[in-house]
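Take a look at these structures.
Note that chain A is present in both complexes that follow, paired respectively with chain B and with chain C.
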Partner chain A sequence: MSERLFEMIIWFVAALSFVLIGTLIFDIGRLGTSGLSFDFLTQLPVNSGRAGGILPILTSTLIVLCITLTFTVPLGIACSLWLSEFVERKNAAAQLAKIGLDALAGVPSIVMGLFGHVFFSQFLGFGFSLLSGGLTLSCMALPIFIKTTVEGLTALDSDWRRQAAALGLSKTTLVWNVLLPASSPAIAAGLILALGRATAESAALIFTSGYVDRMPESVFDSGRVLSVHIYDLAMNVTGGDKAAYATALTLTALILLINVFVIWVSEKWLKGGALNL
Partner chain B sequence: MNALETSVLTDGGFTHLYESREHLTHLSVRSLKITYQKKAVLDDVSMDFFRGCITTLIGPSGCGKSSFLSALNRLSNLTPTCGVTGEIELDGKNILADKFSQRELSQKIGMVFQKPNPFPLTIHRNLDLPLKEHGMSCRERRNQKIEAVLREVGLWEEVHDRLHTPALHLSGGQQQRLCIARALVLEPEVLLMDEPCSALDPISSRVVEELIRSLRGRLTVIIVTHNLAQARRIGDFSAFFWTHERVGRLIEFGPTKVIFDSPLHELTKAYVTGISG
Partner chain C sequence: MFKLSSFFRLNLDLFWGRLFGILTAVVACLVGLILFFLVRESLPVFHELSWKDVFSKSEWYPMSGHFGMAGMVFATVAVAWGALLAATPFGIGCAVFMVFLAPRSLMIAMKMILAIGAGIPSVVFGLWGLTVLVPWIAEHQPPGASLLASIFILGLMILPTVALTSYSALLSLPSSLRQASLALGIGIKGHVLSVALPAAKNGLVAGMILALARAAGETMAVLMVSGNIAAFPSSIFDPVRTLTANIALEMSYATGQHRAALFASGLLLAICVLVMVVFAHFFQRHRIHE
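This part shows the complex of A and B:
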């Protein structure tokens, strides 16, 4: 009897989460599709976004994401490898780094935004720019990305490490040919989590990338990302609801596309095709 | 050193010395002591392994056989808390000395683990990787070598049309034969095997056992096994280990026939007849 009950609770909770996400997507889809068109994606915003499109906003978002990726992936993988393969578990520096990462993962985005503003915009002199925004997002994405990647690496069969040593394989060969491809599902999961968080971020970017809705000309230009645009349309622009929903739909589709792309790359990598060194 | 003719009592155990002079020492171990976190797990082991012979290491779990095996190719170095003292000479050269490089050692001494552990790569790359790492740059030669070694372990007919599929899709027995092929591909002189059949079904186990038997005469094989019947079937020499006051010791070493049919030590007699252990 209790097993029946347990099973029912599981089904109920699972159904509930599906209903939640389903309603959300359905709602955005229902209210967003009418505003979404090819023109919407390729035109400049008019009248504070009430009319026109979101081309500069989409462009800024993609640039910020590229910057975030460029810094997060190499730094994150290097740090994960250092933590899992190159230092002993009890190493004091590694322990400290792990505690630091855990703490960083919990920092509210608004605090990250202020940090980014002080450090990237002012101290490093990048000003309100896509670069400042991308770097700030990188700081937010790194802890999640590293934690997932380290977990993926430590979960791997330690026999492979012993076997590689017995075969005289160098650490470079082991890492590039065995460990990283084998942990690529975990790396992909970390990247999806981190990028999802970064794409959805608005608070941290208001302080770093700014919110002008013109077309950015370089990474040193200020720019507005999709989530900031949604926030602005919904909160500050009367009559901007329709465009807000259409933007939200675009953002959801973008996140979905990123997920599919990351999973595709990791599967390719797992098969040893993409990085056949 | 040629083998001698009588049997002597070593400290705590017997070593049978041999009536024939035909066996040449290949690997010789003197006063070997292995510690974990400064506590001895194996002490005072002295024995010889003879060229082209199969030596089986038997004894209850936890008596240090596997630790002993991984000391023979310095794999124990991977465990920072593990210390090895004494002498291990390969053809008269001390392999515990720093000037004996891990690379050279890994070429001369191959190793097969208990659980089949092909790398998560294709069948071909599992064998190609070590060859490349050890400087065989000509692709054609590598491919020839791979075919030869797959034929040697009896896998060629089974896998030649799917060399570029994942090795992890093979059955357990095939995976273990691939691992043996990978150990053999570098043409080692000595092959260490840590219970290579214990994770396999009886039929696969028999195939692998036949394969090990076929290596007699060409390679010096040192194999840890818990299967006494197997130890008896395939061994030329056998060494019996036992734990005394939590420290593993070599109790008796000699020709397999002697160890099983007329052991000198009471402990050996009890173990091989199944009374204890």
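This part shows the complex of A and C:
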């Protein structure tokens, strides 16, 4: 095989991959825009979603994401700080905790759905509800968020820790005023990854937050998220393809929006933190 | 006064340390809790049936008490390995292209499309497979929803993951390797095949194992394009049903033994995937250049 042939093969393989993924993205855009409109986002679904809009589904999705965030961010930051600041790197308990987190990240989403169904819906008695769904998603988001945040914290200049010790700052002050603001880009990156995964999730939510496409009235109501709506329209509703693609475009756009928003917030936070130092 | 304040300050540090430690322990024990509940819910099925029956037979008729999962286990393995084998050459090809061949603008475009592809939800891959790919396969070889369609969609889904992990594995190699190759007059082909890929081997393998775990655990995309018939496929154009799809399809109405059998398949799946994740970490830890 000559040098030239090898390069041609690589170019061909890369071009084919590019075209395949590009076609998928293009199709979602092309088929999605024909059904997408302002009315689609602000109306109730009619006729199992064939007509009307996705307002209750969009609302359920946002509520589930808020619940996920409420549990993931404080818990995740607490775990990351403990793993990176409060114990030695070689600490046996910390090593064990890291293995536990890695294993948690590997649990398939449908298995997580089974667990959420038994534990949150039945054992804790939350039933088919947005709360059960949000908690199940938190279990999936936590290991991703913690991993990225710990990496961000460990990458910080260790001189800062020594300087803080020389100035007699307490660990609490060091963490809140120096390390957390400085690692905000990593925290934001972790949030993007975790929220993106949570927004895309469907298998874990069928048996926890459920199928109901009514407007949820509280977090104990069942609600259908965007990804479950796409699945239902495509598989169980004949003639639902157009609405399915419009929903798919909404979902993909939502994930992109979350990325942009989190980057923007982290930049603001970083500036504030840097000035306060 | 000074002593008092420093006393409180120390205690505050201690307080946060303890609190954070307890919270970490709780989160780390979640995976144990998951396994515990899966075992608890799947126990009833083994009171009357043996492991051997469940995993050696492929008759899945839950209503009459036949819980043979062999066909679905085979489908899960075939779909996951098929997807990995299909995606790996493309993924590594993309990575080599971005690191060694692409002009800057194409490299950025490639990276962007891979990042977007990695963020697209699996249910959207399934939707595209169901409405574009399956009808296209059905034109040539009915019924369309098949093992082939599942492998294609899953392969496409893990392609960005394989490409991006391979890319970072290749980028993390020291530049001295490339300089040495250049100094010896070794071209791109020789450098990639005999230097870069072997040196990045552990990173590449770790990425592949993670992609395999993701493919084996995937539910919705496969469910939408596989045809969902619980039997051994006789060709690549036959419909199949994976373990994950089986859980998603039947869990909503399953009771008693049937429900326990579904939890048992979930447990089996979780254990397989956890073993793969541990393997991946073994490979990542033993990288040559760190």
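Heads up, the rule we're going with is that the second predicted complex is superposed on the first by the 248 of 277 C-alpha atoms of A that agree within 3 Å, B and C clash if a C-alpha of one lies under 4 Å from a C-alpha of the other, contacts with A are read in each partner's own complex, and residues count from 1 in each chain.
Definition applied: a residue touches a chain if its C-beta (ideal position, glycine included) is under 8 Å from a C-beta of that chain, and two chains touch if they have at least 3 such contacts.
Because the structure is predicted, anything quoted here is derived from the model rather than measured.
Of the two partner chains, both chain B and chain C are touched by A:S170. After overlaying the two complexes on the shared chain, residue contacts for A:L135 are found with neither chain B nor chain C. In the overlay built on the shared chain, the residue A:G22 is in contact with chain C alone; chain B does not reach it. Of the two partner chains placed by superposition, only chain C is touched by A:F115; chain B is not.
Of the two partner chains placed by the overlay, only chain B lies in contact with A:E88; chain C stays clear of it. When both complexes are overlaid on chain A, the residue A:I63 reaches neither chain B nor chain C. In the superposition on chain A, contact is made by A:W160 with chain B only, not with chain C.
Between chain B and chain C, C touches the greater number of residues of chain A.
Of the two partner chains, chain C is the only one that A:G106 touches; chain B does not reach it. In the superposition on the C-alpha atoms of chain A, the part of chain A touched by chain B in one complex and by chain C in the other spans residues 170.
The touching residues of chain C, when paired with chain A in their complex, are 9-10, 12-13, 16-17, 19-21, 23-25, 27-34, 37-38, 40-41, 89-91, 93-94, 96-98, 100-102, 109-110, 113-114, 116-117, 119-128, 130-132, 156, 159-160, 163, 187-189, 192-193, 213, 216-220, 223-224, 244, 247-248, 251-252, 262-263, 266-267, 269-270, 273-274, 276-278, 281. Residues 1-3, 6-7, 9-11, 13-14, 16-18, 20-22, 24-25, 27-28, 31, 75, 78-79, 81-83, 86-87, 93, 96-115, 117-119, 123, 139, 142, 146, 170-172, 175, 196, 199-203, 206-207, 227-228, 230-231, 234-235, 241, 244-245, 248, 251-252, 255-256, 259 of chain A are the ones that touch chain C when the two sit in their complex. Residues of chain A touching chain B in their complex: 88, 157, 159-170, 173, 177-178, 181-182, 270-272.
Taken together, the chain B residues at the contact with chain A in this complex read 70, 73, 75, 78, 80, 102-103, 105-107, 110-111, 113, 115, 117, 119-122, 125, 129-130, 133-134, 166, 179, 182-183, 186.
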